[in-house]
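Okay, so chain A shows up in both of these, paired with chain B first and chain C after.
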Partner chain A sequence: MVFSSNIFLMCFLPIFLAAYFLTPRKWRNYTLLLASILFYAFGAPEFIVQLLVSIVANFYLVKWMVKTDNQLLKKILCGLSVAISIGLLFYYKYGNFTMQNINYVLGWVHVEPMKWVKILLPIGISFFSFQSVTYTLDTYRNVNEPMQKLTDYMLYIVMFPQLIAGPIIRYCDIADQIRDRQADYADRLQGFYRFVLGLAKKVLIADVIGFQVDKILGPSNYDVLTSQQLADIATKIANIDSSMAWIAILAFTFQIYFDFAGYSDMAIGLGRMMGFKFPENFDNPYVSTTISEFWRRWHQTFSVFIKNYLYFPLGGSRVKTEGRKYFNLWFCFLMSGLWHGAAWNFVVYGALQGIFICADKLFLRKFNERIGRIPAVICTFAIIVLTRCFFRIERIDLSWLFIKRLFAFEFTPVRFADNPHFFTMMIVAAIFSFITMTRFGLRWQDKVYFTEYNQRQHIIAFALAIFGFIFCLGALNSSGFSPFIYFRF
Partner chain B sequence: MHCLKKLNFATRSIQKMKELIKKSLCIVTVMLLSALFLQTTWHFSDYMKLKNDSKSCEKPKLTFKNYCDGTFQKQVDDYLRENYATRAIVIRTRNQYDYTFKNKKTCIPFLLPGKDNWMYYRPGVLDYYGLEAPVHFKSDQELRDFVNNQVDMLNELRGILKNDYGIEILSFIGPDKPFIYPEHLPEMERDTTMGNAADYFAQRFAETGFPNIDMKPWYQAIADTSRRLLFMPMDSHWQYASVWGYDSLFRFMNSLNDFGIPQMKINGIKESKFKGRQDDEATLNLLFKVPNHTPLYTADISVISDSTSRKPRVLFVGDSFIFAYEWLIPKKEITSYYENWFYYDNVYKGFDKKQKYKIKDINRLRSILDVDFIVVYSVGYQWYLGTRGFVEDALESIKDPYQVKVAQTMNRIGKDPSWMKLIRDKAQDKGFTVEKMLELDAKWIIEHENK
Partner chain C sequence: MKRLPNIFRFVTVAFFLILMLQTAFQFISLKSLKGFTNKKEAPKFTYENYVKGTFQKDFEAYNKERFGFREWSLRLYNQYIWSCYHKTHNGWIDIGKDDWLYESEFVRDHYESMMYKYTSDSTEMKRRFDETAENLFKLQEILKTHGTYIFVNMIPGKDVIYPEYLPENTKYTHTDGIHAYDYYKKRFDELGVNYIDNVEWFKHLKGTVDYPLFPKTGTHWSNLAATYAFDSIMRYMESLNGMNMLNVNIGEKYAGKVREPDDDLEQLFNLALPIRPNKHYYADVTIIPDTTAVKPTLITIGDSYFWTISYNFKLKQLFTRYPYWYYNSTIYFDPDNNSTKDINLLQEIFNADYIMLNYCTVQLYKLGNGFIENAMTLLYDEETQAPVSQEVINMIQHIYSDKNWLNDIKTKAEKNKISLERQVALDAKWMINNQQ
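Now for the complex of A and B:
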């Protein structure tokens, strides 16, 4: 189930909210846990048992790890717990990719390929595996006490607002809130406003833009396509004119931001309605003046995870040689690229980001500082847009071809009137992406997101939120209406 | 001190009031969301209900199997998309926006807005401008060959039906709104390279002597002098004016074989009590009424019959103009039974229309042989599709003696109520439709009679 689905908005959310607020405070975690399990079981029934078993196993392994005084056993148990989470992630997410490559190499040396049944990817595995790892490692490092109740731990992993697409919440950031949290009426209301804002970002902006991107570049997941469909996409990309190519990749750059940031807003909003304070996931990433700054602003909880649980263990910047320091950085980005998807294009995407980060540390940042803020933002944005080609187009050869088309300089005029809805949303997306470069924009952002509302603001925001909610429902569903007429032709 | 206390009290009261407002907003939010859920699930209110809504989703049923393979989840999503609480108002708002701001764009692609808030069906308009024929045929000759072939087959069928079974078949060409009121049509470039199917059919029927009644010229002739509009501006269907058409039809049927069909007498035309929106306007599903539409009319009709009168059994094969017969004509006083093969796809048997089938699921020959008259009828632009396969299928089956025997045996059983009860019970036991069970029994009887 996803937040922008009919079943969530029209059935799950109303029933859950009513049940949650009617439950006495001390039982609310159980209501939330039950709802979360139902939430996951509805969308991925075949994986729910495996998810619950891995949670129970991890919980007791960590409990055992805390109890034992034997340091070696402690380390083994910690390793085992992490291995379960990462192992499941690797098996489900990278199993197909690994076997595909092994068989490719075997075919190359004329050896019979290994038999392998394609595995389905459990939804949200990249997120809940990481959360599970933070629990084990934070407890191992004595950052936090382990959970005493299995249900509390289960709730930390499967809590539905963040189960499918984050934010990735470190155990140490939320442990206390699971045990005890406060939410006054203002919090609940502002949580609802934030949820609707996220829904609007997803439904009204990202989905509208995404529809056009798919029309130009084909569907984003090439796994499901036939060879004929892939050939059609290749032909399409080979013949695309530069203006259309730039529009497509710019549109995708906005789509992915509004899609993901919208989802994070919905998660944060839902959490806030229940009294949780989830960490922010995006901080106006497209106004960054350097690539390093971009990664501090984009998918922040993931960046923090990579920093704490990969970069620092590798030695971080406190290493003997400069080369090692840059390798650590590059490697972290390579891994983060691979985390986004099991395909070579994501590896290239991560590697490129790593190279730009290293370049940033070496000279790019100084250059950007000299040219001034606006040119620096434009340069950084251009790098992001270009690297997004490898993110969107799942075949490296086609990504290269697409980049060539971007710089073929074969422009044809594009008219606003051809697709006014799409272009309007592009303009809206651009305004909201860059408006925080201005003081006015920043002030408004603070007012909308982070300031406590007064009475009048609450009433206005409430009316807008209710209207926005119904409007989004309409936008989600109204496009397919075609009345039945007894005349047919 | 007293003032301070008062101030404290006032501050606390304001604080409480503020908290109360927030609490109320929270409760209202949950209540509104719950109301959305309740309305989505149970549809308590029909407020602004959509007209002619082509909802195709059944309420999904949860089973372990369909839940595990994800079908249930998909069905739920599809069902909700078509049933969410605020759907009617959202769609009406969207349609109104398109209609008002996008040059009268409608949610029905084949509904064309004309001048002065008139509405037309697109194929009818294209037909008027000579643009519909090229949609179906490559050349005028091809269209003519098609028409000739269809009429020849109809004549062959007529010969068999009339000579062997005493059944009359005739055709009826209905008037098209664009040909009767072209002055409100949207402007288009006329194409004169090809002819018009209905005209070719009428011409060929006349040449070959196939009984046909063409209402177009007659309605064109009275359009200017009629006190009331023959077609409503926002309705593409025949309304009260159809009663003249049906009157002509029954008189024409009588003239073919002196059957003695009771005759209609039109006593007058009066304003209809129905104050709703006209058909096309209603189907546009807008928020507000389109201005300047004329009232609907109905006809006051009585039926004259005497001891020599006989009410025929009629099979209508055609388009939606049959609805005018159902709505406006005292059908039970004129026909003893009628069956409607709607676009040669859906089948409605009997006056109450409760027996509904798909054409492929019935024994068509059984119906053909069980009536006194077969009326093949359509409005002008529908004739590009001829009889939609009716004449071909009918000829094929009527030439096959075994199929004729099966159909006749089915009719024999069908006229025996006690036998039919047995058939119905058996059909229920075996999970077949009554029609299917009847056919199986008829075949069984024929096989055993042969032995």
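Now for the complex of A and C:
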């Protein structure tokens, strides 16, 4: 189940909210836990048992780890707990990829390929695996006390607002809120506004742009496509003119931002309605003047996770040689690329990001500082857009072909009138992506997102949110509705 | 102002509650969305469906069609799309110049010709058209001996009369070949098939009348144009067999509020506000009493253009029966029959005074929708190349009136992989031969 679905908006959410607020305060976590399990069971029925078993196992392993004084056993238990979480992630997310590559190598040396059954990827596995890792490691490092109640730990892992697409919440950031949290009516209302705002970003902007991107570049997620569909995509890319290629990749750059940021807004909004204060996940990433800054602003909770649980354990910047420091940086980005998807294009995407980060540290940042803010933003944005080719087109040869088409300089005129809805949404996306470069934009952002509303503002925002909710429902459902005058035979 | 939190709480709860209750019970009656869709059925929950994920998918699709206040939210969003971008999500409609609306298949027919949708080989298509025209002529002659008159009513598509407002062609490539209308017209003239050519007549009328022959936001002939046309059709019917039918008086035309189906395409946009006030002309039809007049039976077979006639004429007062075999499938205006699959075809044919094959230029390539072939199978012997005898006809009628026998023949036809009509004809002939 995703937030932008009728089942969630019209059935799950109203029933859940009613049940949650009718439950006495001390029992509310149970209501939320039950709803979260149902939410996940609806979307990934074949995986719910494994999820619950791994949660229970992790909880008791960590409990045992805390109790024992034996340092070696402590380490073993910690490793075991992390291995369960990462093992599940590896098996489900990278099992197919690993086997494909092993078989490729075996074929190369003329050995019979190994047989395996294709594994289906359970939704949200990357997020809850990471969260369970943060729980184990934060507890191991004595950053926080472990949860006393299994249900509280389960809630931390499976809480539905952030289960599918984050934000990745560190255990130390939310442990206290699970035990005790307060929310007044203003919090709940602002949570609702944030939810509707996120829904609008996703449905009104990202989906409209994404529809056009798919038309130009073909569908994504090549794993589920037939060889004919892949051949069609290859033909499309080979024949694309430079104008359409630039439009497509720019559009995808906006689509992915508004899609992901919209989803995060919805998660943060839902959390706030229940009194949780989830960390922000995006901070106007496209106004970054350097690639390092971009990664501080883009998917922030993921960057924090990588920093705390991969970069620092590797030694971070406190290493003996400069070479090792850059390797650590590059390696973290390589891994983050792989986290985004189990395919070589994501590895290339991560590696490229790593290279640009290193370049940033070496010379790019200084260069950007010299050229001034606006040119620096443009340069950084251009790097982001170009590297996105490897993100959207899930085959390296096709990504490369696409980049060639970008720079083939075979431009054809593009008319706004051919697709005014798409181009309008592109303009809207561009405005909202860059408006915070201005003081005016920053002021409005603060007002909308981070200021407590007075009662008059609440009345206006509430009316807009209700209208927006109904409007988004229309957008969500109008695309497939194409009635006939009469039935034909 | 201190009561505001409670008000917000109440409004939020009420909002979600009403939304949910409306989804479940549709307790507030809203102006329904126009047009036909294939409605999804409520999915059955089984463990297997659930684990496979098909239940979830189907349930989402089912909800998409039924959620509370769907009518409002869709109209609101459609209005936004139309007002801001001049677009519609309805894939069956193209927006022409000056907001003239066309069904997409008419635009395609204009630029490409629909017959190519079915075969790229125009020789094969011509052969099929020839066969249909020749069969129709033979059928016409056979039916005449039984007192039933069959004729074709050819109606222009909106694209034929108002091509100047069509959207620019960006996707179709015209292939050389002859259009079904031109081909049939030529063949009907050669063979002597009864037909009315509204196409030429409407083209002529276009420059002479001061009302639109097709409404700007509708797909069918305008209410007024259809009114005049049907008056002429009735006179044509009289000329076929000399029957004296009731006459109608068409009053003065007047501009009025839009009536069905003059804005049928606009209705499919499902907007919150009308596109633009548009002048629609109407005239009241009254029947002139005539005690000597006969009320015949008319079977209409064909496309949706007959609906416009049915809205404006009191057909009940003009005809004894007037069943409408929509695309030779679903039957309207007949209390006894719902589908052409369940009728005694010969009995229906012989009981009719007139059979009108009513097709617009876009649909002409499927003239009869199988009716001509089915009737010919029963009434014409391919072996002897002559109409079947009265004995065979009586036997066929007998088979159709005996449900058990008919069911046995249906099973036999399925087994032999031939049409029911063919099997009935074979069995009837066999019975007669063996009786002799």
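Throughout what follows, the second predicted complex is superposed on the first by the 482 of 489 C-alpha atoms of A that agree within 3 Å, B and C clash if a C-alpha of one lies under 4 Å from a C-alpha of the other, contacts with A are read in each partner's own complex, and residues count from 1 in each chain.
In this section, a contact is a pair of C-beta atoms (placed from the backbone, for glycine too) under 8 Å apart; a residue touches a chain by one contact, two chains touch by 3 or more.
Predicted model, so just to flag it, every value in this text is computed and none were measured.
Aligning the two structures on chain A places chain B and chain C in a clash. By the touch criterion defined above, A:431 lies against neither chain B nor chain C after alignment on the C-alpha atoms of chain A. When both complexes are overlaid on chain A, the residue A:189 reaches chain B and chain C alike.
In the overlay built on the shared chain, the residue A:421 is in contact with chain C alone; chain B does not reach it. By the touch criterion defined above, A:15 reaches both chain B and chain C. Of the two partner chains, neither chain B nor chain C is touched by A:238. After superposition on chain A, the chain B segment that clashes with chain C is 167-175; the remaining candidates among 5-13, 167-175 or 419-427 show no clashing C-alpha atoms.
Applying the stated touch rule to the two superposed structures, the overlap between the chain B and chain C interfaces on chain A comprises residues 5-7, 10-11, 13-15, 17-18, 42-43, 45-46, 184-186, 188-189, 192, 455, 458, 462, 466, 470, 473-474, 477-478, 480-489. Chain A meets chain C in the complex at residues 1, 5-7, 9-11, 13-15, 17-18, 42-43, 45-46, 184-186, 188-189, 192, 420-421, 424, 455, 458, 462, 466, 470-471, 473-475, 477-489. Contacts from chain C toward chain A in the complex involve residues 1, 4-5, 8-9, 11-13, 15-17, 19-20, 23, 33-37, 50-51, 53, 56, 59-60, 63-64, 67-70, 72-78, 80-81, 84-87, 89-92, 103, 219, 261, 264-265, 268, 270, 304, 307, 326-330, 369.
Only residues 5-7, 10-11, 13-15, 17-18, 21, 42-43, 45-46, 184-186, 188-189, 192, 455, 458-459, 462, 465-466, 470, 473-474, 476-478, 480-489 of chain A touch chain B when the two sit together in their complex.
Chain B contributes residues 18-19, 21-23, 25-26, 28-30, 32-34, 36-37, 40-41, 50-54, 67-68, 70, 73, 76-77, 80-82, 84-87, 90-91, 93-94, 107-111, 121, 123, 236, 283, 285, 319-320, 323, 342-343 to its touches with chain A in the complex.
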